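Both complexes shown next keep chain A, but they swap its partner, so chain B is in the first and chain C is in the second.
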Partner chain A sequence: MEKLLGALIDGVAFGCVYALLAVGLTLAYKTSGVFNIAFGVQAFASGAIYYQLHVNDGWGILPAFIISVIIVAPLIGAILDRFLFRHLRSAPSMARLITALGLLVAIPQIVLLKFNQTEATRPTGIVPGGDVPYHIFGATLSRDQLSIMVCAVIVAVGLVLVFRYTALGIRMRAVVESPRMAELAGTDADRIGTAAWMLSSLVAGLAGVLLPTVTSQVGDIYYTTLLTAAIAATVLGSLTSIPLAFFGAIGLGVVQELLNRYLPTNSVLASNLRPSLPFVVLFLVLILSPRLRNKRELTDPLSSVDPPPPAPAAGQRSRELTIGTRVAGVLFGLGIGYYVFFHGNASVVGQGIQVVIYSIIFCSIVVITGIAGEVSFAQATFAGIGGFASAQLSSSAGMSVIFTIIIGGLIAAAVGAMLAIPALRLGGIFLTLATYAFALFFDNVIVSLSWVSGGLFPVVAPRPQLGSIDFASDRSFLVLCLVFLVIVGVIVMQVRSGTTGRYLSAVRGSEVAAASVGISPTRARITAFALSAGIAGVGGALLASYEGHANKIDYNATLGLFWVVIVVTLGSRTVEGAIQAALGFVLFSARVLPDWIPWIINHVQPFLHVDSLPNAVQFIFFGFGALTYAKHQEGILEANKVKSLAWVQGKIDRFKSGGRTKPGAAAVDTPGAAP
Partner chain B sequence: MRAHSNVGRLAVVGVLVALVAGACGNSKSQTAPQTVPSNTGPVATTVPKADLTKFVTGRGPGVDDTKKEIRVAAITTQSNPIGGKYVQFNDGLQAYFDMINSQGGIYGRKLVIVKKRDDTIGLQNNQQVQSSLADDNAFATFVATLQFTGADLLAKAKQPTFIWNINPEMATPKGGPSHDNIFGSLGALCFSCSEKFLPWLASQAGFTKVAVLAYSKSTSASSGLCAQGFKNSYKTFAPNIKVVFFDDSLPFAADITTDVTRMKEAGVQFVSTCMDTNEVTKLAKEMKKQGLNAVQNLPNGYDHDAISQSGGVFDNSYIEPQYVPWELMPQSPATKEFLDWTSQHNIKPVELTEVGWIMGAMFLDGLKFAGPEFTKQKVIDALNTQTAESPGGLIVPIDWTISHIDPTNDPAAGGKYRCASVLKIQGGKFLPQFTEPGKPWICFSPDPNVPLPKDPQHLSFAPGGQG
Partner chain C sequence: MTLLVADGVTKTFAGITALDNIELDVGPQEIVGLIGPNGAGKTTFFNCLLGILKPDGGRVTFEGRDLARVAPYKRARLGIARTFQRVELFSGMTPRDHFLVAERVRNGRGALWKDVLFMGGPSADENERVGAMLELLDLVPVADRPIESLSLGVGRLVEIGRALMTEPKLVLLDEPSSGLDRHETEQLAGQLRTVQNERGFAILLVEHDVEFVRSLVERVFVLDFGTLIASGPTDEVFADSAVRKAYLGDIV
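The block that comes next holds the complex of A and B.
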């Protein structure tokens, strides 16, 4: 009995770690409508500052705490609100999620420019003598653990009271529900919004200085890992209930501790269930909870009067311009192709192959996000399914590689459809979280199976052979990849302009309205998921074949988040956008940072010699790029393309009219332009 | 996260949100079979001194006869959003090259790192390797990354490659190209092999109840194999020592409270882990909190800063550095040379710095063995004829004639040297243990039929047996 009691108390103690994050995440959503996936890295920023001041610089606990938690954390919140989220109040929840995703990618890299987390291994809490143990009913809790428990309870109770009994709490909720209506009622939405962000950032800061005593290091990975687990508790509270999130987190901690206590440690069940419990819980809650059935997201009811996003540039330009741009595009492509095939060295050809393969994978994001309007965090997983399946079938079963690449895509498509079916009743953010839970489950359980990933050594993935044509050489393999890209590109364009695309557009616009005219949202979404997963699977299989192995690192769920960031930043609505994203993804780390930028720097000034820029720059660049998503949901490049086309079209019209400006000559609308 | 090392089994750990490196200790083998002359350095190919300055043109790609340079490229994880950064490897390599260049270089040429590429989380390893091969015009490539997916490309290109041994890619993979061009700072890695060192250490310290902890398979495939290897080692070589607690299901950033409670209930005296430094720190703190006075074996613990600042939680723990420990007196000439040079040039000496230094030295050995008319292939071939390669005696000699074979299924590939050097932590400092003056290595027979000796051989591999 004492053992059980001890395990329960230990579980509550660790549950409070989750609780602090789950409550913070809920608070952020409740007060801003943002599923702030960057909450963990915000906490990391405060944790790093606290560590720097208190441990490295020798400041006292109180001044370090005041600076890092009371001043800096709310300041970060105020900045995020002022420059980002204030402008997103009426934006779709996906836009807000993508923005938070950009922060998740960029913030740690900015902090790490000045903070050495590898040496931050001596964290201390906010109470002196944090290691002092107390024996409570068979459990041993340190003063640091007790401080986390006390803080978690104070935060949860305090926030419940604020939301129930104060005008500020009600106004915060009102501003999230509808900032325009709140303003009509005399509420200063901007000020309330800022206060809400400062409050949630304060909680992030508090979590930031408390949690390292549990993880023993101030590292962004620890915050993100714990936050990922805490998402399950947040979803238990439907993202809005602080008490449910709190108790859900405690429950999760207790269940984990009981499993630790009573499962045989070397059993298959333990080795699979322990690392995956939070994700299994998350997925099950999302799928089974009646509270989440068609739950309405926090969006402004007045936002429906906002204009729809602009059509792609390709759909707006005149006939001459269309012909002109296509001819220019073909010539440019041929020029690049000629250079790569006939003059490029092995590195250039290799990068060409990678660009083509990632273009295929990113086309899957075009389907699911650009056309269907959903955000999937499992695209890397689908690519992995295709990669592992193709490698195993070709190397173990001896099947034709070309055939296995297609089978890999079909298996990924089947898994995508199976994932879509139970997840369909969810919408928006909950659907995204379901894909994330699936991706993490895949990473934590499925990939570890040796018949999937090969175990210690990755599965060999040979190059294909088609009759007498051997694709062993990189140049011939590039041709094959290009063929796949053309096929995938045509499919995506056909889907977008065909019935399925129109159905998806209709469902994206209004599910109810679409259903009223006989469109089945279920069918449309399953099609989108299956197609998207299948495309990713084919890309993943090609990637494995190119590298010679199905490397699990290539399909990591976190990497999938970065893929989403880079595609939506550059353009998620067109095949062209996917290719641009692939160019950015591959060339930034392969050319731009190690070669091109240093070359420019070294040639424009004589004082500083730069050998290579760190890849961290890439994360900061694209992380910040994602912040523009809310303004340009068509992607930065697409938005600028629209502007450029308008300019060119104006010139053409001007030329045609002999220099006279025709009223309304600019045939291309600029997004956001006044009607 | 700090660098991971360990005398022998080193693992790389993939984690959900990212990747963490973990390491597993125990070791690579240590053999000092009867055939090994004790107290002498390994016999290496000798090169006439006059030849070392002989300048012969036309040495092929990566050797610039105009600038008189031998060019190499380095690919290391410099920016990693999710885990370790191994940039100190470059510092050590650069320091070694600087020292050699200050002495006139080799064959009338200087050693130059022409490009230091950043390989974030190993994700771009393949890509960076390919770019380096095509664009850097390098004679050799040095790699210290979390993942080494570009190993096959380097193998196909027959590029002399020198790596920090945390990855098993030094061995030729099943169905893949021969990896006989890839050289590491340790011999062939066997994660699951039974070894004698750990049972010997436990028995010397009088422990009879031990625990083994490792990450779950999903967190690290090698961590679990490493734990299984520990378990088998005790079972095979010290049946009187019982593994009373075994957990190979720990998730990353796990709560280990209950593990420690159960270890305490089982009366654990000695804990072996296959986890990264941060996790063992957490474990040490939790053991202290719960009053479990067990001793840890820390395969990755040779980190002077971390240990001196750990507040005594690691006191009495054992460490096995992968090279001759700095604390061993008298210091070997090679150790002294490294510490003096880094000190004079304001380079912070850490484990990875010395690994970079050692790999630079191994490359130089390869050049020396190949002779003035060296080529890439000659360097590879020359090194692969060495049966006891140990630059300056800093590491346990590696038999390159067999170390490109995966020893998991071929234990002989582990080589004949099964040695470790042991330190104990006291008051934040490292104290050499079980050593004899000038003989840093405690060595065992690789023959599994030879029982655990009470008094293993003590050896030095430095030239002339100088420590």
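The block that comes next holds the complex of A and C.
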């Protein structure tokens, strides 16, 4: 009995850690309409500043706390609101999620430019003598743990009171529902929005300085892992109920502590279930919670005043221009291919192969996001499944590698379909969270199993052989990868313009209307997930074969988030967009940062010499790039293509009509006219 | 044989009886109206017919087949099509695309492997059928414009066309006149009559615009507070004093 009570108290103490994040996350969603997956990294920023000031620079607790929590955290919130989310209030919730995703990628790297997290051990909390233990019913709680519990309760109760009894709480909710409607009713939506962001960021900052005492290190990864459990609690409260999120988080802490105490330490179940509990719980809550079924996202009642989205570039140009750009594109591609193949040195050929392989993987994001309109955070995991399966089959079972690459794709497709089936009733943000839970589960649990990744030593993935042709040399492997890319590219284009693409875009446009003509939204989504996962799997298998090993680091879930960011930023609607994203992904770290940017800087100014820029800049650059998604959901390259084509078309029209019409008039006035 | 039969459909929400033992039938090629003031339970009944809500009692049959276990999207394939009170269109697509999607579902020729083998594009006879529908509804001039750039009235027509492309035996129209002005409503009524004459399907019209109902409907059911207060030929029902009281108020 004593033991049980002790476990319960410890569980509640740990649950309060989750609760602080879960309540903050719910607050952010409720008041800004943004599912802020960057909440954890916002907390990390404050935690890092606090550690730097208090531990490294020797400041007192109070001044360090005031700077990091009371000043910097709300300031970050105000900046995010003023420069980003204020402009996204009427944007679809997916656009806001992608923006938060960009921040998740960018913010830690900015902090890490100045903060060394590997040395940030033995953090201290906000009360002096945090280690002092108290014994309560057989449980031992430190002063730090007690401070977390007190803060969590104060924050939760305080916020419930704010929402229930103050005008500010009601106004904040009104602004989320429809900022324009709230303004018509006499509320200054901008000011309320800023206040909401500052408030939720304050909670993030508070969590940021409190949590490191639990994790014993200040690192962005700990915040992200804790946030996953908090997301599960948040989902229990349907993202909107603060009390439910609070008690859900406490319950999660208790369950985790009970499992810790009562499962035998060495059992397979214990060693696998313990680390995976937050992800398993998140996934189960998502697929089982009756409150989430068929929950439709809020749409602004005044959203119809927005202008229609821009027509794709293809719709705006005349036939001559289409042929012209196609020919130019093919010539350009051939030129690059000729140079890489015949004149490139080993590193250029290697980069060429990577570009082609990542183009294939990114095509999977085109299918799921560009065509089906869903955002999946598990694409790296699907690539990993393809890579591991192919490597295991070819090195252990000795199958032909070409064959195992395709089998790897099929296995990934099957997993994708199986993931989609329970998650079917979910749409939008909840489906995305389910894929995220799956990716983290795979990363933390499945990948370390030796029959998957080979354990400590990565599985060897040989190069394919086809009859007498051996693809062991990089140049021949490049050709093979190109063949795969052409096949995948053609499949994606055909699917988009064919029945599957039409059904998916109908479901995306209106699910109920699609069902009313006899389309099964469920089946359409399973198809999209399976196809997308299969493509990612083939790409992952090629990647393993190129590197000679299936390395788990290549299929990391966080990397998968970055892939989504980069593809969505550059253009997720077309195969071209995927190729451009792959070029950006490979060349930015291999060429632009170490060679090109320093070269430009060193030639522009004479007094400063730059050798190379840290790789982190890539994450910051593309992380902020994702912020353009809200404005250009078709991708910035596609958007600029539309603009420049309209300009060229205008010139052509003017030339044809002898300079009588205004430039661009013909192209701009008939968006989406029949080609 | 009657096409659609609602036999004692009952639905309660947390103790409130939204629908009480509703009996309704629609014959082949017949135009039937369902009217009632706001809050009478029209939309609830509609959703029960479509499988979006499950009735607590009674049953709905279509051509003698019990619909209780038929998923909403499968009802479309049986021959029940619908439109929406608040238009639900496929954003980003043109009217032509809308019709093509519905046509492809109807003929069941689409498959992923066909897309991959370059067989996903519209065939000649599909184009022809879509073209015929565009002409029937006078939508040819806007056929290739994005749906967002078209007016609400045109959107309603596109919805009706999309429903008709599935070759339904019965079309359920959910307040097609809402948001349209008098002129647009009359135009819509005219177009509906022409199309119904040509294609010969049954219509169940849920409406509160009395003029619109009178101009189209042969038989009418009147709903008030979840119960059926009158049914029969349109003129007789509108002469009924209980109906006038419930619907039009005492003054008339």
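Please note the rule applied: the second predicted complex is superposed on the first by the 650 of 675 C-alpha atoms of A that agree within 3 Å, B and C clash if a C-alpha of one lies under 4 Å from a C-alpha of the other, contacts with A are read in each partner's own complex, and residues count from 1 in each chain.
FYI, a residue touches a chain if its C-beta (ideal position, glycine included) is under 8 Å from a C-beta of that chain, and two chains touch if they have at least 3 such contacts.
Treat the numbers as computed from the prediction; the structure is a model and nothing was measured.
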item	value
Chain B versus chain C as contact partner of A:Q354, first or second or both or neither	first
Broader residue contact with chain A after superposition on the shared chain, chain B or chain C	B
Contacts of A:A515 with chain B and chain C, given as first, second, both or neither	second
Touched partner set for A:I491, first chain B, second chain C, both or neither	second
Which of chain B and chain C A:L456 touches, first, second, both or neither	first
First (chain B), second (chain C), both or neither touched by A:G158	neither
Which of chain B and chain C A:G329 touches, first, second, both or neither	neither
Partner chain in contact with A:G501 - chain B first, chain C second, else both or neither	second
Touching partner for A:G548 - first (chain B), second (chain C), both, neither	first
Of chain A, residues touching chain B in the complex	6-7, 10, 13-14, 105, 108-109, 112, 117-119, 121-122, 131, 133, 139-140, 142, 214-217, 219-222, 224-226, 228, 253, 256-257, 260-261, 263, 265-267, 270-272, 274-276, 345-348, 350-351, 354, 395, 440, 443-445, 447-448, 453, 455-458, 460, 547-549, 551-554, 556-559, 586, 589-591, 593-595, 611-616, 618-619
Touching residues (chain side chain B, partner chain A) in the complex	1-2, 14-20, 78-79, 81-85, 115-124, 126-128, 130-131, 133-135, 147, 149, 152, 168, 173-176, 191, 216-219, 221-222, 224-225, 245-255, 257-259, 261-262, 277-279, 281-282, 285, 288-291, 305-306, 309-311
Interface residues, chain C side, partner chain A - complex	50, 52, 71-74, 76-77, 81-82, 84, 88-94, 97-98, 100-102, 104-106, 109-112, 114-121, 144-146, 148-149, 159, 162-163, 165-166
Contacting residues of chain A [partner chain C, same complex]	308-309, 311, 491, 494-495, 497-503, 505-506, 508-510, 512-521, 527, 531, 671-674
